[in-house]
Amino acid sequence: MPMRRILGGLLDRGVAPLLLIPSVVLLVFILVGPFFYMVWTSFTDLSFALPDRTGSFLGLDNYRRLMRDDPIFWGSFRLTLKFVIAVVSIEFVLGFALALLLFHFIEHRRLVLTALMVPMMLAPVAVGLIWKLLLQGDFGMVSYYLREVGLLDLRSALLSNAGAVMPTVVAIDVWQWTPFVTLVMLAGLMSLPREPTEAAIMDGASALQRFRDVTLPLLRPIIALVLLLRGIDAFKEFDKVFILTGGGPGTATELLSIYTYRVNFKSWDLGYGSTCAFMVYLVVLILCAVFYKAVYWSEGRPTGARAGAP
Amino acid sequence: MTNQRIRRARPGRSFALGVALMSGLATTAMAGAWTLEDAAKPYKGVTIRTIGEALPPLEAMAKMKHKFEERTGIEVVIEMYEHSEAVNKVMLDLNSRRGRYDFILQPHRELGRFVKSGHLESLEKYLQDAKLRDPSFKPEEQLYQGLWKEISWYEGKIYGFPFTALTMYMWYRKDLMDDPTERAGFKAKYGYDLKPATTWEEYRDIAEWFTRPEQGFYGTALQGKRHEALWYEWINFLYSFGGDMMEAKSGSECGPIIVNSPAAIESLEYYKSLMKFSPPDTLNYFWDDVMALMQQDKTFELIMWNDATYAVAEDKEASKVAGRMGFDLVPQGRGGKVGQVEGWTYLIPKYSKQKEAAYLFVQWMMGFDQQLEQHLNGGATSRPDVYAHPDVQKISYSKASMDTNAVAIPKPTIPESPEITDILVRELSSYLSGAKSAKAALDTAALDMNKLLGSCAPLKYPVQ
Amino acid sequence: MSRAWTAFAVAVILAGVLIALTPYVWILMTSFKTRLDALADTPVWLFTPTFEHYPDVFLEKNYLPLVWNSVLVATLSTALSLALGVPAAYVFARHEFPAKEDLFFFFLTTRMAPPISVVVPMFLLFTTFRITDTPLAVILAHSTFNLSLVVWMMRGFFAEIPREIDEAAMMDGHSRAGMFVRILVPLAAPGLAATAVLCFILSWNEFLYAFVLVAFEGRTLTVGIPGLITPHGTLWGQVAAVAVVATLPIILFSLLVQRHLVRGLTFGAVKG
């Protein structure tokens, strides 16, 4: 086994970090290369559609256009922020509440957890299609019952109504990802040490006080983690919404990722499209760094080792 | 408004002439001369690959290709994708110059992009090559000339042949139109006889009359989703009201922007007024959805595509209303009788590795027998002699198709045209959703088009 | 009081489970409904099942190879990510070296790059190397997110194995490599399995890279789904049949690793 010999050689001679090289090389090749190509392109006029735009250097023109001259981008940006704030907060409140109920009142949780896992395991493309079927205006099952109970009138449909479409998309994301919050928060609750709570009971604290003064502070790192992971993913949301609405009606659901897709894959304006994509990346990167700082760096090692300690 | 129309090439104008010329020409070549087998000999054993939209015409081609394969020993591989996926795959292939596809099938508004970027092979040299050219193939006589020049030519050069000659016309439920109770009720309410609409006022009255939400039946159904389908549909209204996007002689030219003219605004406002007679989910529909509605007996009239007609009017397995449909030109406004030119076209990329074999296949597909078979299986031929065939004449929508082809107006094929479409789709959808007024939406579209096209396309109507 | 609370909790949780499952059950049912039942104005819950959609789409429309393509891509991309990622994770767990945490962070950022921004350059790059349209292209592309998942998840699992075990193994005469392969990897096996399953799922569900980079013949099931929205009207029975086949294995798989799922989804930060 030559693999083994190489492995052994590296480990025994104390140059173990060399084992990282294959992974790093692969990522540099397939991701960092394309990434820098994208960054370079964002300073050029490259277009696949227009013949006279072959990628001449423009300096900061694309960035100037983005900052000053593209109300649609900023409209999408604001919409995306609203979307992220809405889904993350609703999912967090619902998911945490569900986790608390499960933690305090249910003994045998396995089956419940299994059922809850289903939505988040589905491919986003499949989720988009499933909900498209359920929300069809004329024969959709959900539309039908919403009409039966009077929440939806006969002359409107959720995905066709500029006022209702965004809340609908939010609701679908909540459907898919609330279970994630539940699972993680439940894991967090289960890993909490018992002593502080018991001490609080001895002191005569009410259930509410115990929750506020003991449980919440202990869960803080996990809460931060859940909010950030959901925030990052929600910011990148694409497949589901694209299948459901294509960004419409009008620009009512045109999230940043959909706008970027349009510039890149409809207009084939790769120069400006790269500028938009780079902005999206920067925002995600910042969220990501905050996540890393909040959860990992302060500890020097994964919080899980601590939060999960028996 | 009329002046600018007259300057334009009208595809189909030479239709009558074409039929006259063609009536005796559909026979095969003289004996002893060119044969497909001989021409294909050097390419025996090669494989050619193409890509197109998964539509009945392409499915028909997939079923027919074995005949070509058996005669020539050239294998033909067909990739079928959804509309925008087929376009995206081709854009990536051409721009990476890798030559995966030996010929491609693309909507004609992509033509300018491809030609101006040097991605396409001009077909003149194949047409002049005695080894390849089938002497009985005479596109300059056998095709609708206006249509062919609009969807397969660019700046005077031949780049392809029409794969489908598409257009849109009015679909309506003939059985309900002829129903005595409906006729009596309609006359009592509107004071004139119920008949296929020829004006937009009639079209709206009829839509209103048949709108019965409590029965799940609607007068019409708009393709209001944020999707190309919305733009295609509105164009019928735009042309009919006497408007247009730009003033230009042909699709390959740029010209003053008139998309925000009073006529255009009026057409858009009228278009939205039909939403009342459309199912609640109408802003989430594109062509698939409205076609399914018609198939399921849920709507009365539509402005819809000729290549989708077969599955509704003839296909008894798929459609509840097969045999009960009627077809006619779109209603007339100030623009008179109009239709739109649209089509997918056979093109050969410069990077193709088997250009000659690809040419032979395309030439074979354009032959009368193949065109007839494809047309009868849901295709939309560009050969007038196929329309003249008795089997085709029997099809319920042939007349509407031919009448529309005769008055169809071209639309932009310049490199920026797909972007113009995207801008308009966005603005039309914003207006339908209630986010802005018709004027504001079209003004924004005009400004964005002007920004995109520059000095060749000044604004003709002021924007506030 | 407590009883009322328990009843309330049970009711809420049951409602939650119902909401979570109903859409999926509906798709499952739709895959066995006739066109008429599927498009009925009033939802149909009881119906005579038809089994036509599965053979129609998988045999007649030839979607069966897509299942195989999905399996191939997901398996090989998982294998590649594990082969490269597990030793890397071990190094992060046991060794100190300069800029270690920065490099660790680098792995995370690769997971965060929006695919829309890199997929076109990646296509051009892969075309230069003539691997576009081969399964290798997607397998490599999927390792952009799977490799970081492996490194992050497995670092945690290795870190949990007490260092004394390493030392005891070395005393027993194992080389470092032998110790890693014979002792540590088996000890981390449950975590390894969970990681592998998650990689498999992420790759199986991915759409954009698979669509752009793969040939028509190599389409994965996820890429094939939009192809069923045809201009003949969307064939909901067939769409549902494909959706079921595309999701059922994933659901069954995720049951297998339920215990470690939370850790996987949080990059190893929270133990399940």
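Letters A, B and C name the chains as they come in the text, with residue numbers starting at 1 for each one.
Following the convention adopted for this analysis, contacts are C-beta pairs under 8 Å (C-beta built on N, C-alpha and C of every residue); 3 or more make two chains touch, one makes a residue touch a chain.
Everything numeric in this text was worked out from a predicted model, so none of it was measured.
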| message | On a CA-centroid basis, which chain has its centre farthest from chain A's? | response | B
| B-C or A-B: which has the larger count of contacting C-beta pairs? | A-B
| Roughly how far is chain A from chain C, going centre to centre by Cα mean, in whole Å? | 16
| query | Using CA atom averages as chain centres, what separation in Å is found between chain A and chain B? | reply | 40
| Overlap residues in chain C, where contacts from two or more other chains coincide | 39, 41, 120, 124, 226
| What parts of chain A, by residue number, touch at least two of the other chains? | 138
| query | What parts of chain B, by residue number, touch at least two of the other chains? | reply | 88, 216
| message | Using the touch definition from the top, list the residues of chain C that touch chain A in their complex. | response | 5-6, 9-10, 12-13, 16-17, 19-21, 23-24, 26-27, 30, 38-43, 84-85, 87-88, 90-91, 94-95, 97, 101, 103, 105-110, 112-114, 116-118, 120-122, 124-125, 140-141, 143-144, 147, 151, 155-156, 159-160, 175-178, 180-181, 201, 204-208, 222, 225-226, 236, 239-240, 243, 246-247, 250-251, 254-255, 258, 261-263, 265-272
| Parts of chain A lying in touch with chain C, wherever the complex brings them together | 4-5, 7-9, 11-12, 16-17, 19-20, 22-24, 26-27, 30-31, 33-35, 37-38, 41, 97-98, 101-102, 104-106, 110, 112-126, 129-131, 133-134, 138-139, 141, 144-145, 175, 178-180, 183-184, 187-188, 191, 222, 225-226, 229, 232, 236, 238-239, 243, 257, 260-261, 264, 270, 274, 277-278, 280-281, 284-285, 288-289, 292, 295-297, 300-305, 307-308
| query | Which residues of chain C touch chain B in the complex? | reply | 39, 41, 120, 123-124, 127, 132-133, 211-212, 216, 226-227, 229-234
| Contact footprint of chain A on chain B as seen in their complex | 88, 91, 95, 113, 116-118, 213-214, 216, 224-227, 279-284, 293, 298, 415-416, 418-419, 422, 426, 429-435
| query | Taking the complex as given, what residues does chain B use to touch chain C? | reply | 51, 53-56, 79-82, 85, 88, 92, 96, 98, 100, 216, 287-289, 291-292, 295-296, 307-308, 311, 318
